[in-house]
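Next up, some structures in structure tokens.
First subunit A sits with subunit B, and in the next complex the same chain sits with subunit C.
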Partner chain A sequence: MITMRFQELVTTISYKKGIPNMRITYTPHPITDRPAELCRQYVAGNDPITRQPMLEEIYASLTRPPSEEDRKAGFLKRDPRPRLLPPDTPDKLMEYFHAQGFTDGSPVILPTEQKVKEMLKATSRKPDEWVGQMRPSPPHEAWYYTVEMVAVNAVMAGAKPEYFPTILAIASKGLTSMFSSTSSFARMVVVNGPVVKEIGMNTGIGAMGPVSRANSSIGRCWTLISKNLGGSGKPGETYLGSQGNPLNYGNLCFPETEDGLPPGWNPLHVQKGFNKNDSVVSLFSGWSINDIAWYSPLPIYDVIRGWLEHFFSYGTTQATLILDPIVAADVATKYPSKEAFAKYLADNTGTPGWLYWSQNTAALKQAQSGVEPYATWLKQGQGAVVPVSRYNRGGGGVSRNPSFMAPRSTDEPANSINIVVTGGGTNTFWSGGDFGYAGSGSVDQWR
Partner chain B sequence: MRTRKICFLVIVLAAVIAASYAPAADEKVVVFNPRGIQPDIRKIPMAMRPATLDGKTVYMVDTKYAMTKPFVNELLAALKAKYPGTTWVLREKTGMYMDDDPKLWAEIKEKGAAAIVLLGH
Partner chain C sequence: MRAAVPWTNGDRRGHEQQTHNAYAARSDSAAPGRTLVIISLFIRGAEAWGRNHSLRKRLLFRKMQRGREALMYPDDMDVRRTETPPGKPAKV
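This part shows the complex of A and B:
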């Protein structure tokens, strides 16, 4: 049984799982947070799709014999995949690409044989070598792709050949940038190492904005790869984000400003176990970022702490701070490393009472039974801050993890706060968001 | 000498034209298919159904989507009332909705005649 809003999803998933005639009963949508009396009416009524009485339909589905066809094994039909498309004019091909969902809604560079050939020259890997597999979300099937297929999408995104190893490194991680969830996920990729200067990524003013071909086209390519090689992005079927997320157009794609790191602050890729001279992509998963410059008599590290304490994204347990180099320099006067600053933040951020109690029902029961310290915390009211951090791993945080089902590091640090430095130093701005680290990959392996 | 100069200019002009050549709007071009490779779909034969549920056990597997318990409880109550000859067993699946629960599936295979999996959103 499923709510009627997901008819397309459940019928296509059933087909792809090998049961094309799965028996499904639908309920009205939504079913969450509906009072019992309304639910009783729903159950006594009809399936809103088939118009059959709901209970009788369930009974019949459980007892009606399957057809002879449904009892057979074998393979189901799939559309053929030609390597080249039938010749046509550029205008008609562009319209075809849009109609097939190959684009992100804006025109792309048509992947002609010559352009793909040029792209492939930027790697030593063979065109038919497998790069990886990707799926819209765990219940979905994974699609597979080769170096040549990634090159086709790199051309479409407007990438120069020299960006190709970085794009291959992203593709090799198998992480879709358009995760299919009703909650409209976003992704972020941070590039570190010599490749940043080699390919001209913008680490300065506007590093996260649309002012650099490298930053923009690499980020855009991740979305095209996710749609065309990972099967994501078909609304209702392989993409369910209710409102969608504007970050999905090009993702957050920027390099760390390694030249702007304060002394003692390691680049992100070094924190993740790579050497400083390695070129690396690091992927993150979340939903949103805030861009903040809050002038205050408090030191900036305390402003960030206060923001983090009350930052709310449905109880997220991870955060990523993107600091301008001049903000990092201010913070570094107190904290000699990113790790020290992250520890300070994790150790000194509590959780707003209303959030803590809504997400920790076991603690609430103990509080109501007089068990300390929960009882005292509860007495302080919903508006008080409970001294339990959401960002220390195993610290009693709440349940939502934005990188769920993304590859997780086996040697995770003690807290879930990541810090990256980028920007041009024109103002004391910093960004913070609910992005969690989802893994890093070598660019050098794809040169 | 003059003829050689003219020939040279013609060659240079031809090279410039060739270098700046772009397909005309109505000229057909060949492009790559940008799609990846979809896996084969192995068909799973559907199980035979019992002719009746009287005297049988049917599991209701709740995937525990947030705040859907009222509907699950109402459905269970309605099925019990309408089909009292059947034993309706409500079980919560482990983990989140995408997590597998092989122990529960094994139990249903052993003790159940059928199962309903629900619900979401």
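This part shows the complex of A and C:
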């Protein structure tokens, strides 16, 4: 049984799993947050797709013997994949690329043989070497791809050949930038190490904005790879984000400003176990980001703590702070490392009452039964802050665990707060969002 | 002008041909269900055993985890959703 909105998805997946005639009963959509009485009416009513009574249909599906069609078995053979499209004019080819969904909606650089060849010169890896596999979400099939296939998409994204090892490092992680969920996921990629200066990534003013070819095209390429090599991005089938996410265009691709780190603050890739001289991409998964400067008599670390306490988004149990070097320097006067600041934030942020009670129903029941300390917390009202951190692992905070949406490292730190420093130091700005760390990859492996 | 094909059609080594209809095999017998339960219990037992022995844990636990993932997402029943990628032509 599934809601009618997912008809395309479930029929394609059942076909892919070898059950093309799977018996499916549909309910009206949505059912999330709908009253129980309405859901009961749905069950007593008709399947909105087949127009048959739902309960009778379920009974028939479970008891009807398999038909001849159901019993058919066999094999499918995949069509061979040509390396080149038929010759045509650039204008017609561009229209073809748009029409087939090969682009992100904006024009791309047409991947001629010559341009792809130039791209491939930037790596010692062979063109037919497998880079990785990617799928839109766990139920979908993973697609495998080669160095040459990634090179084609790198050309399309407008990347220079020297960016290619960084792009391969991202592709090797196998994480789609357009995860298929009804929530509209975003991704982020932070680049560290010598490669940042080698390829001219912008670590200064506007580091996260559209002002650098390296930052922009590397980030854009992740989405083209996800669509063309990872099978993602087809609305209704391999992409279900209800509103979509504008961050998917460039995937928040920026380098850490390692020169701007306060003494004692390690670069992100060193925090993740790499050497300082390694070149590394670190991938994050989340939904949204705030851009903030709040001029207050309070120290800036307390302002950040206050923001984090009341911050609310879909990914409410994880956070990444992106600090301008000026802000990092201010924070460093009190906290000698990123880890110390993250610990302070995780240990000293509570959860708004309405958010805590809406996502901890077991605690709510205990509170209503008079069990302490829940009962006291509940008496303080929905607007009060419950002294439970959302960011400490196993701390009893919000129970939703988004780990299925991105692979998590097995040696996770004690809290889910990551800190990155970037920007040009023009003012005390910082950004915060619900991005969680999803893994890092070596760029040097792909040179 | 010629342009390179930007997509992959899901080609993978040794997996060009896959079962088309697993339903027939499944619907006639409870055996697949029983097999899954037995395999699942075996994996759980092996995990518990592996957790108590560091060498076994290293050697076996990961293997069992992969086995569990394979059960959850059985790739060898993983026929392409269509014969071509979404929105992309069968032949160009």
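Here is the rule we go by: the second predicted complex is superposed on the first by the 431 of 447 C-alpha atoms of A that agree within 3 Å, B and C clash if a C-alpha of one lies under 4 Å from a C-alpha of the other, contacts with A are read in each partner's own complex, and residues count from 1 in each chain.
Here is the rule we go by: a residue touches a chain if its C-beta (ideal position, glycine included) is under 8 Å from a C-beta of that chain, and two chains touch if they have at least 3 such contacts.
Note that the coordinates shown come from a computational prediction; the quantities given were computed from them, not determined experimentally.
Once chain A of one complex is fitted onto chain A of the other, the partner contacts of A:277 are absent, as it touches neither subunit B nor subunit C. In the superposed model, A:43 makes contact with subunit B only, not with subunit C.
Using the contact criterion defined above for the overlaid structures, shared-chain residue A:138 touches subunit B and also reaches subunit C. By the touch criterion defined above, A:112 lies against subunit B and subunit C together after alignment on the C-alpha atoms of chain A. Of the two partner chains placed around the shared chain by superposition, subunit B is the only one that A:35 touches, whereas subunit C remains out of contact. Once the two complexes are overlaid on the shared chain, A:88 sits against subunit B and subunit C alike. The partner that reaches more residues of subunit A, of the two candidates subunit B and subunit C, is B.
In the overlay built on the shared chain, the residue A:238 is in contact with subunit C alone; subunit B does not reach it. In the superposed model, A:13 lies in contact with subunit C only, and not with subunit B. In the superposition on chain A, contact is made by A:70 with both subunit B and subunit C.
Where the contact sets of subunit A with subunit B and with subunit C meet, they give residues 15-21, 66, 70-76, 78-79, 81-85, 87-90, 93, 97, 102, 110-113, 116, 138-139, 141-145, 148-149, 152-153, 156, 224, 228-229, 231. On subunit A, the positions that touch subunit B within their shared complex are 1-3, 5-6, 15-21, 27, 29-36, 39-40, 42-44, 55, 58-59, 62-66, 70-76, 78-79, 81-85, 87-91, 93, 97, 102, 110-113, 116, 134, 137-139, 141-145, 148-149, 152-153, 156, 182, 224, 228-231, 404-405.
For subunit A in complex with subunit C, the residues that touch the partner chain are 12-13, 15-22, 66, 70-79, 81-90, 93, 97, 100-102, 110-113, 116, 130, 133, 138-146, 148-149, 152-153, 155-156, 224, 228-229, 231, 234, 237-238.
Note for the complex: subunit B touches subunit A at residues 23, 25-53, 58, 65-68, 70-71, 73-75, 78-79, 82-83, 96, 98, 113-114, 116-121. Remark: subunit C residues 1-13, 16-28, 72-75, 77-92 touch subunit A in the complex.
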